[in-house]
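In the two complexes that follow, subunit A is the common piece, with subunit B as its partner first and subunit C second.
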Partner chain A sequence: MAAVRGTAPEPEPALFRAKLANVRPMVNMLKTISFRPRARCVINPDGLVFTVEESQCLVAQAYLRAELFTTFSYDVQLAEYYRNQEQAGFEAEDSQDGEPSDVTQVVLPLDNLIECLTLFYGPSGTSSSGAQSGAHSTATLHTSGNPGDLRGATTAVIAFNGPGTDFELMLEERGTISLCRLSTFVPEPSVDLKFSHYPTTQQLIIKSEWLRDAFNELDPTSESVSIYIASSEPHFRISTIGESGSTDMTYSNTERILDSFFCNEDQENQYKLSLILKCKQALAMSDKTKIRINQRGFLSFQFMIPTAADVSFVNFVFAPLVSADESIADATARV
Partner chain B sequence: MEAEVPAASLKTFYRALQCLGSIGEDIWIEARTDHLELIGKNASQSAYARIVFPAEFFDAYDSGESDNAVFRCRVQAKQLVGIFRSRTQAVEQCVLSIEQAAEPVHINSSATQSECRLVVRLAYKQRVCRTHRLFYEACETFHSTYDRRDCKGRWRVAAAHAASWVAHFARGSEEMTLQMTSSVVRVRSWTAGNVAQPDATRALHTELSVDPADFDMYHVPHPVELALALREFRAVLRYAERMAAPLSAFFDRPGWPLLLEVAAPPNPDARDHRQAPPTAEFVLATVADETTPAPSSNNATPASRAPTQILAVPDSIEPGSAPSPDASPYAHSRSSFAQWSPGNRSDSLLATPASARRANTATADSIAGSLPNSLGGPASQPVPESRVPTARAYRLLDMPRPYAPPGLTDTQLSDEHAAADELRNAPPGMVQTTLPFPTTAAQRPQGDMPVANADYSSDEELDATPPPPSKRMRALF
Partner chain C sequence: MRFRTLVTNSNLLLRVVQSIDKLSKSAMLKLTPTKLHIIVVTDLDSGLQLWSDIAVDALFSEYQIESVHNNEIYLEFNIDNLQRALRSTQGGALGVTLKLTKKQGLPVLSLTIRSQSASGREISLCQDVPVRMLTPQQMSQIREPMVPDGNVHFMMPPLNNVRSIAERMKGMGERVAVSANREGEMNVRVANDLVDITTYFRGLETLAYDTTQEHTADREASEFYTAVVDMKHFVKFLQSYHVAPKNIVCCIVEGYAVMFYVYIGSAGYSGAAALNDTACGSLTYFIPVRQV
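Our next item is the complex of A and B:
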């Protein structure tokens, strides 16, 4: 990108700057959690984490490790400096309590971010061949001297300069360059469902295609889906009760289906179906899913998604539905 | 009742369910000792379908009843079809059974009501199992009273050939006619047209001529023309095509229903080793000709009973499935294109537009005259005196009028203003029913409220949808 740097204004020493050879893995990961307009982006030396939260019952996180990026530079001292400035301004509110000081948190408009990244995608949603945009572009034309450019793939440079500044994206495809600035927002106190605070009582890893079939069979007229894991047959059962009757899928503990199975206690929990269905996109892209349920009944789906010759993870945590008979006190007493 | 469908025949079973699902909303199941029947009918009771699976079709079949006792139930077609739609390749075993309040199903540590369910259990490889428990309703079933031996004309044709007849019909076609003579078969599509377009010449009609030599068997003693609904005929053709079975038709005269049968011959190949494929019979109502007397409730002659009431129920009282003769849409409407005199081929594709339009004014009357003329229906052309007045409009006034126009609730009926006779006797669609809550129009201040509060624009803003993403993008640059 040396040719580009010669004409574009030299950026200031940036807090965070990363370059992506191909935006497609990042776009795929972001699309799995794109059911909310805004996402919190946490930048730390190991990579980026995008988090979305819905009605305080569902938290979804997409992890983009630093190894996914061609270059990844994150200035830790600068982050701490900005952080201290912020804390001083807020009189040490507990909003960032417990967070290590070397991370930077910022809230980005997620759907705008995805639109910008997919700017060069053609009408079919896939990366355009580049010829069309190259011929009709109005942005600065540069011959791309970068040998790493894949044919028809968009490269991107993302940069962030600290709280209060815009999140910058520079996209380049076949010589067409586009510069996007997204306004950022101050992060609100995050919802943490504290999944790891309680011991995991049940865990299994299942091939995603079986889970995909199960999700397709779930009765959409039903309010809740019930997940039952036991140490005896049937080991794993997903069921819904809808207007036309009930549907359930049962899986046994065979190696072909369940890669690993661990069950400390037999438990059946209910979750809101509309929330569970939000992870359909992540499920569609993943190879394997790890399902964990902790002592409180919180459910965690961890999807393993292949990205660029490696794997990335997207994590969904759901809060269980408490039944009408069981009061909240009983549910917490169950812990 | 318990039936185990062999994995290789799941596709067949699914096709049968799909055919019934495309005809009507419900599927009736009748389990007898030696066979299982699936029955369907459409909403206007002008089409009836019955697919019979002999006991040998299943790996295991037990009707669960003693001899002469029959288990009958009704399930929603959509649910049953949806179960078999997906991923039937990996299924190892499929069992349908009836759960009759045996033991309650425990979900969430609380017993659900032990209801009667139709249980479909699909066992996949590697011990993955999918169970659906569908609600069903025990009810009476019904059967067609028509016998193909009464029919004078019949033919049989390969399904693929028959499917090609209607494949090219335009999407809007609703009806079709089959004109069968000893030398040619003409298949033609018709669009009923709507009120807004009384000029039926604008619609696309397709006519096809088929050589009787293409049929496997063709026996038509005298020329006959049948007009029937395209939708159900298409469903039958689709089923026959998917089953790769020949389609047989039995018919007599216009007004009498068309009987169709799809029965695959026993296949000695190993695919369906049971060699007991299902047989399907369909009864489609046809439009009565002008020359045959229109059946009405007054004439209780057998000839009039048969064409309109294609469904006869074994029991004496059956409010649902036995329609009053007036309600069938095909019983009364005249076939306006039934004038097949060669000199008056107004609907022929060879006719000039002018002559077609002249003849079609009368057609448009009967097709588009669905609103009674007195209510300001389309300004219909004066009907030539020689023709019978438009039958559809005429008969609509005679239809049994519901006690209250649709849309009035019981509470409204009891209100004084709703008891007005004009409301009771108004035909459907004429009445503006009053809503049970005051509308915004009624809530608008009648002039006494200060102007400052009358800020209506905020309501619209709340309702406004956010601008599409492309508009948002422009603001970035």
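Our next item is the complex of A and C:
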């Protein structure tokens, strides 16, 4: 190992570099989508988007806007230059579908990224800043309530210098510094469930605490969960049929429960329960959830998570289950 | 063969046994007229080893030991058993006696604890820890590893910090590179195909042992010495102390081992000053370089 003089060398890349005063908000956001080992990270002038997909039926994205960072610098011209270099040997149809050339995409090990960011969190299994451990609490993404509480106040510098290089993190807490390098991979064609390509037929915004209650009632022995939205009562119903019976959670369109409601077409769709449950952590952190269903029955949950800089979003899109007696052609014919 | 003593500092004895609990299931005890040695050898070739010596005066009084082999006694015991027996001594015992005896034909270390019940009557609790006697020949085969002079010695940063960081780095690799220089800087590094992490500790107190050695001329003070050891062994050592003593010295013998010296002295001293207070004893942890 080469000798290191003085303090750890700061990473010196030119393409992307951002500073975080506290890693916690980023860690919390990433944990909401950490059910897969690898994530695609897209860097653009407005921030970072981390995406994971599972079984080609679920795509989850966490949006970390530039405002969440203390400093955020992204060299668009350099990105375009690298992009053009990459494209030079390829046919036009190989280029990323619809992605502007000023965007940088890279695949990296998400679980390792989170492990690195939480290096100074204290004994494994606990969270050192006294804040509740994320999953079932309504923890906000502010730093721990007590301003005098310096525990868990890891600062980070994140940097990336383009395709073929490592994703770098420099973490610091109370004088101890860690330098982490994560291997990056060339992204494969992304799975895009194309939610926005079809009109949204149903949409509502519900306070997340109601949705959390519904999730707790879902029968885990059921393969699927059914979501029914209609313009008449009951406006919104979530149900499961399991080994011991069925559960129904219904919500009417009142101000107390639904912040907004729009239904163009009464529809009921089924989704795989085990996939739906992957958004529990995002749900736990959010204040409100926007639920949308499009003409093809695809479901979008947009979780609004309070952060120091306004609201941050985590999106989950689910493909509907096609019922046994309905072919895919029939399902798309519903359009 | 005879061994019998009053235990005046059962708390210290308990703490020492607790600190070796994570290392192995069993340990060896060598008792001499002046010292008590606890030895843990996990694997003669590649394992972590612990060698300790504690002055008998720091733990006992009215110490009686007799044997045909220079009045030394050697035995092997189960660490958890002895630990549990010693825990009974906590909480205000009037007197604690330790002796080697036979129960049902088998050798045991017998701990007798006299204390006072709530009603004022004296109660006596006896805890027997089965032991396996070792012959002088068996004992002579266990030898402290021959270690070349250390390249660099320094005081460890607070152990809790190093432990929690190392525990999180643990999953990333089986080997960890521990490096240090003579300017109070220590680096801990782990790497695998996907991730490479180096943690830098600064502002550590270096120790001046090395200035008398000849080899100090061959490297700048800022250059690092490295030993790559098994991550599990490194973490096991770090987990040995719930309440970490402030006086742990780390020594790197490049390409050979990482050693840790824990000095048992009176409380109150920390840093290099504690090293002068060697009245009671020391524990030496030896973590050999891991062969690939």
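By definition in this document, the second predicted complex is superposed on the first by the 286 of 335 C-alpha atoms of A that agree within 3 Å, B and C clash if a C-alpha of one lies under 4 Å from a C-alpha of the other, contacts with A are read in each partner's own complex, and residues count from 1 in each chain.
Going forward, contacts are C-beta pairs under 8 Å (C-beta built on N, C-alpha and C of every residue); 3 or more make two chains touch, one makes a residue touch a chain.
Please read all numbers here as calculations on a predicted model, not as lab measurements.
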Practice prompt. Report for A:S232: first if it touches subunit B alone, second if subunit C alone, otherwise both or neither.
Written response: neither
Practice prompt. Kindly classify A:Q56 by the partners it touches after superposition: subunit B alone (first), subunit C alone (second), both, or neither?
Written response: neither
Worksheet item: In the superposed arrangement, does A:Q77 touch subunit B (first), subunit C (second), both or neither?
Response: neither
Worksheet item: What is the contact status of A:E217 with respect to subunit B (first) and subunit C (second): first, second, both, or neither?
Response: first
Discussion item. I'd like to know which partner A:R181 touches here: subunit B for first, subunit C for second, both or neither.
Written reply: both
Item to complete: Examine A:T118 and indicate which partner it touches, taking first as subunit B and second as subunit C; both and neither are also allowed.
Response: second
Worksheet item: Intersection of subunit A residues contacting subunit B with those contacting subunit C?
Response: 112, 115-116, 180-182
Discussion item. Using the touch definition from the top, list the residues of subunit A that touch subunit B in their complex.
Written reply: 111-112, 115-116, 180-182, 210, 213, 216-217, 226, 234, 239, 241, 244-252, 254, 256-257, 268, 270, 323, 325
Worksheet item: Which part of subunit C faces subunit A closely enough to touch in the complex?
Response: 157, 161, 163-165, 167-169, 171-172, 177, 179, 181, 185, 187, 189, 193-203, 222-224, 226
Discussion item. Under the definition above, what is the set of subunit A residues touching subunit C in their complex?
Written reply: 1, 3-5, 7-8, 109, 112, 115-116, 118-124, 166, 175-183
Worksheet item: Taking the complex as given, what residues does subunit B use to touch subunit A?
Response: 76, 79, 86-87, 105, 107-110, 112, 117-118, 126-135, 469, 472-473, 476-477
